[in-house]
Amino acid sequence: YHEQQSNDREQNLRSFLLIICGGMIFFMQSGFAMLCAGSVRLKNVQNTMLKNLLDACGAALSFYLVGYALAFGGDYDYNNLSESNSNPTSNSTTTFVGTTNFASVGPSSAYWFFEYTFSATSVTIVAGTLAERCQMAAYLAYSVALAGFIYPVIAHSIWSNEGFLSRTNYSPFMDSGVIDFAGGGVVHLNGGLIALYATLVLGPRRGRFYDPQGEPLINPQPFPGHSVALQLLGTMILWFGWFGFNPGSALLLVDNHEFGQVAANAAVATALSGASGGITALFTNLWWEERVTGEPKFVIQMAMNGALSGLVAVTSGCAVMEPWAAIITGVIAGWLYMLSSTILIKLKIDDAVNAIPVHMVNGGWGLISTGLFASPKLLQLTYGNADHPGFIYTFNNNDGVEANLLLCQFCAILFILGWTFITMFPFFIWLNYRGWLRADSLEELVGLDVSYHGRGTHGSEGGEHVQKEYIDA
Amino acid sequence: YHEQQSNDREQNLRSFLLIICGGMIFFMQSGFAMLCAGSVRLKNVQNTMLKNLLDACGAALSFYLVGYALAFGGDYDYNNLSESNSNPTSNSTTTFVGTTNFASVGPSSAYWFFEYTFSATSVTIVAGTLAERCQMAAYLAYSVALAGFIYPVIAHSIWSNEGFLSRTNYSPFMDSGVIDFAGGGVVHLNGGLIALYATLVLGPRRGRFYDPQGEPLINPQPFPGHSVALQLLGTMILWFGWFGFNPGSALLLVDNHEFGQVAANAAVATALSGASGGITALFTNLWWEERVTGEPKFVIQMAMNGALSGLVAVTSGCAVMEPWAAIITGVIAGWLYMLSSTILIKLKIDDAVNAIPVHMVNGGWGLISTGLFASPKLLQLTYGNADHPGFIYTFNNNDGVEANLLLCQFCAILFILGWTFITMFPFFIWLNYRGWLRADSLEELVGLDVSYHGRGTHGSEGGEHVQKEYIDA
Amino acid sequence: YHEQQSNDREQNLRSFLLIICGGMIFFMQSGFAMLCAGSVRLKNVQNTMLKNLLDACGAALSFYLVGYALAFGGDYDYNNLSESNSNPTSNSTTTFVGTTNFASVGPSSAYWFFEYTFSATSVTIVAGTLAERCQMAAYLAYSVALAGFIYPVIAHSIWSNEGFLSRTNYSPFMDSGVIDFAGGGVVHLNGGLIALYATLVLGPRRGRFYDPQGEPLINPQPFPGHSVALQLLGTMILWFGWFGFNPGSALLLVDNHEFGQVAANAAVATALSGASGGITALFTNLWWEERVTGEPKFVIQMAMNGALSGLVAVTSGCAVMEPWAAIITGVIAGWLYMLSSTILIKLKIDDAVNAIPVHMVNGGWGLISTGLFASPKLLQLTYGNADHPGFIYTFNNNDGVEANLLLCQFCAILFILGWTFITMFPFFIWLNYRGWLRADSLEELVGLDVSYHGRGTHGSEGGEHVQKEYIDA
């Protein structure tokens, strides 16, 4: 009896904490909104923000109608901790998608709510990259596809008990299964890849890499955002939300009764990796600018995107990485951000908010770093076994070097890349072929706020500027 | 002994969660502040925001001094779960207001804190509607009246064990009592009604419906807010806070030991109804604009206010509505918002932030939708009995159709309407008669920031604009 | 067994709540960032905000590497509640700093994370005061010194079991030890004092108190901030975070199993003191302005800084003060803010965001008010004994008046003042002597955004204004 009562109370606690953490993750929507709003030119602010708001709304409905069913339908009841139910082996199948619980929140409302906030985050990552030139219709089309089908398939494969890459599968892939603790792959790599495909098809903003005659510019034209204050606010809201995102995921460990400690380790790793990423990018850039131009510059965007890169990179492995490993992960994330951001510009791939370097590149790096640094001690605490630790821990192992986990992580990257490529790339090409993807030149010039939303953001303020651009064009 | 210890620990948990949820509700004050600041013209930003800050401060003091006593003084100790104490029948009276615990936080600090944040929310709803033309003195007068007396009487009647409409009354009204789980009636309908009375007496802003000669304009002059980014930020902060507002109210169910599950149901309903409201208003407006003007427009204010309408509407019944019912509630809320917003303009009633359609109309709709959709299963989970479910559930009932709950909900609307009407409407008329309500023409023209706060918000920026208006006037 | 399981579950709960509260405190960084960004002129926005972001990042790394070790290394394991371990007498030493756990998060990740957010807050207080004229290099230097050494020494002395002023020392100072429940002294007085030393050495902003010829101005030139909306947003985010800061500190009371109630009392005191401070400063100023100028003015900055002053002042004693005492503390905090702010201007000490009156003066007042008002009942609840209550409670004591606690609080002020004075004052003088402290005149004139960050915040907008100033200069 006491056992039962005690379990009930733990369940109460978990449900409530899932709601609070879910609320914090939901709040990340406004972080993305502020970050994007600050990063675009004044004439596109409304358009950018509406997309962020629609993400939150659309994902709720589509995750309720189909997303949850495809991702987690058929999984056991997270609300019920009794032995027979929570034992994964009782669901001894592997499926491509779940097939029950359509138009339902499944057995646990708290679990549904928490997972919904993740799916909404995944969708919102894409919007920033395409800002300032994408049609509303195209945005609506890919959002529905992503939230209703593409994301759930990945979440199912990696997180569901029936997923073929899942650590809780009755017979895990390579005897290990993928560790994507809070969705560095499922959410960030996924969103970042789709952003990449979309911008490849969509092309750069007018005037970013080519002059009006279509000749390539020698130096790409930077389009500075209209408000650094909103960018910083957005970054900090995201970081705050990440403390719900990463530690909150510990609440999903059904049989783990030390989830508080797991969550605390995740919180520490999150803080340290974000901090390292920000400092690394800021000072590496400072040193580089001084070398090249002779003048040191503290570029705040470097600190912000570096920190976000560190946060993305630690998302996969936050619960199973020692603090020092989180710092290394963050430092490398900062460098990867700088490198990939430069490469994108060299390749004339236009990303309005640098979401591809932040989310795609570091989402991938996070999966790999987990494969390298997952510590046996923390694996034991988190998952109850440490059979296949991170690569570096297998060197001083009597059984010899083994890379099962690392290979699983690679496979997760390949799977996410392949799945999104075969589905979303053709989809964007089709949208483009139908003329539904790109806003027309004039709309882009005037700004999407006037084109789609009937009026500029700030009254007449933007008007003269636009007229001047007209004349130039 | 274990029983006792276990109860103590649950009490610890509840107290702490009440504080966190209360903190999130408190944060809604800044949501309202940003929403209002973004919705008014630059010349009134300071004035609007000061009112929001004063709400938070003033409500704390007045709720401590008298509000809590009138609302909940005499109720049992929420800190003590033992049988004898928490049994409502031991307080076998029905009173108009509580009469103990003046200048006190009562037996439970956590409960006081949580309830304080609700009362502050109620006050802050009114300020937005009256923005840009109301005197500071009038604002102070009605704030004190509302937080110290009007709101506590309603809260007492509907939530206290001694309230005549309360579900926890020893002999509930119509054997059922009102279900206003998180205050759709007590907080939102209440605040929205008072906003309506005030703006009726106060009149529209200069130039909104009439030209300088007093002739009615053919098309009302829109006064676009100065920052969509702040409006969106405010909306999202409010939504985040709602996840403390609605699920947090489950912590008040004294004898319910499955409050985590109740809270989770509330969170799901909150997410779905807000999402439905936003999408419904955005796309209905899009379709309508295309029909009328031939040009589809995505109006972000529709999505924002639609979402807020859905959130208000689900506040009364979030814990007892199935997800599909929350979606229906949200869809209708979106439509009601559009309809009532149009009617207000037709009637030349000026609401600077659309608080009347959002809070009054949908606060009322929420009470009714609870009377329609309260599900027996969730009533059982939430309140421990399902004697009088929502109207639609009584059709396939052997005992025949019954509408006790629905009628109770109607009575709650009538009571709130009547109580605020007989107290606040004369109050505003008296304020107006004394010349204390409306800022004078010149003050309104220059902007309240200069008039009451000594300087404009953004230095000289607004200066020239004002001078131009002078000349026009 | 049940005992053990029950303890484990409480530990889970505490860990998780520490993370959520820590997240809220972390979010205060963006509150400071918005407050500072709104308070400075447009040309310095980026510079100000970058400092806030760097605080969060830098403090994480330095607290991990050395700060935690110096502050709490050697303390017992907060993760383990068993009798033998949590008994302070088993650590029967008093030390100046801890000497173990370098480059480590110590035994409890949750505790580390929570304490990290406190240290980051302490650093960020200083940045605001020095805004608009301090070099980046100087900022980096004092940040590292503060987070890595100065702050940990104070935290160790007052909070660690081995600290000489600590209440949990095996032989507490004056048989009582200092009560600084949530860091009014350790965090706020400390940060405010360092801000004072820095601005004394740094001097006022160009044109604030002297004209270009170096003649003192008759009336100091106010430098109004560029956005009241951001100031208000920052204030409200800070207040929200304070509900993690103050109540969250109850989670550190290792042997206290009624921490939920302690936290609730802290939440109530926080709400009431902040509210009183805001209202007091606003209306005292209104009354004063009317007396002096004949025209009443509602100055929103008074309400904001008054509220923050009340919040700072209640931080030391929030858990041990009755609500009425919190109100008195807040009222006096509002007055002290006004008084000290005026004196600073008279002394020509330039504080760009009024951090010295808010944090230094009221951090000190908070320690004293705790010595006056700590109630025996709440001391018993919080610390398990009420041997030395606040001064006012000893009058109706049979044992005669005693002021042990009050004297301890005075000693804490003296210790913090002395320690920061002998370390940081010479440090700033040395920085200044080397020419590393103050940005040069031209940089200050153009704005630090252009000087250090390569471009203005808002494109060409600020350009003309600066040019005009050049010509004036």
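Some observations on this one:
When the chains are written out, they are named A, B and C in that same order, and each has its own residue count from 1.
As a working rule, contacts are C-beta pairs under 8 Å (C-beta built on N, C-alpha and C of every residue); 3 or more make two chains touch, one makes a residue touch a chain.
What you are looking at is a predicted structure, and each value in this text was computed from that prediction instead of being measured.
Chain-to-chain contact here is organised exhaustively, every possible pair of chains being in touch. With angles rounded to a multiple of 5, the C-alpha fit of chain A against chain C returns 120 degrees of rotation.
At the chain B-chain C interface, residue numbers used by both copies make up under half of all numbers present, so the two copies contact each other through mostly different positions.
The centroid of the Cα atoms in chain B and the matching centroid in chain C are 34 Å apart. In chain C, the positions touching at least two other chains are 2, 6, 9, 13, 20, 24, 227, 233. Within the complex formed with chain C, the residues of chain B that make contact are 2, 5-6, 8-9, 11-16, 18-20, 22-24, 26-27, 29-30, 33-34, 37, 45-46, 49-50, 52-54, 56-61, 64, 79, 103-105, 108-110, 112-113, 116, 136, 227, 230, 233, 452-455, 457-459. Those residues of chain A that touch chain C in the shared complex are 2, 6, 9-10, 13, 17, 20-21, 24, 224, 226-229, 232-233, 235-237, 239-240, 243-244, 247, 257-261, 263-265, 267-268, 271-272, 274-276, 278-279, 282, 297-300, 303-304, 307, 323-324, 327.
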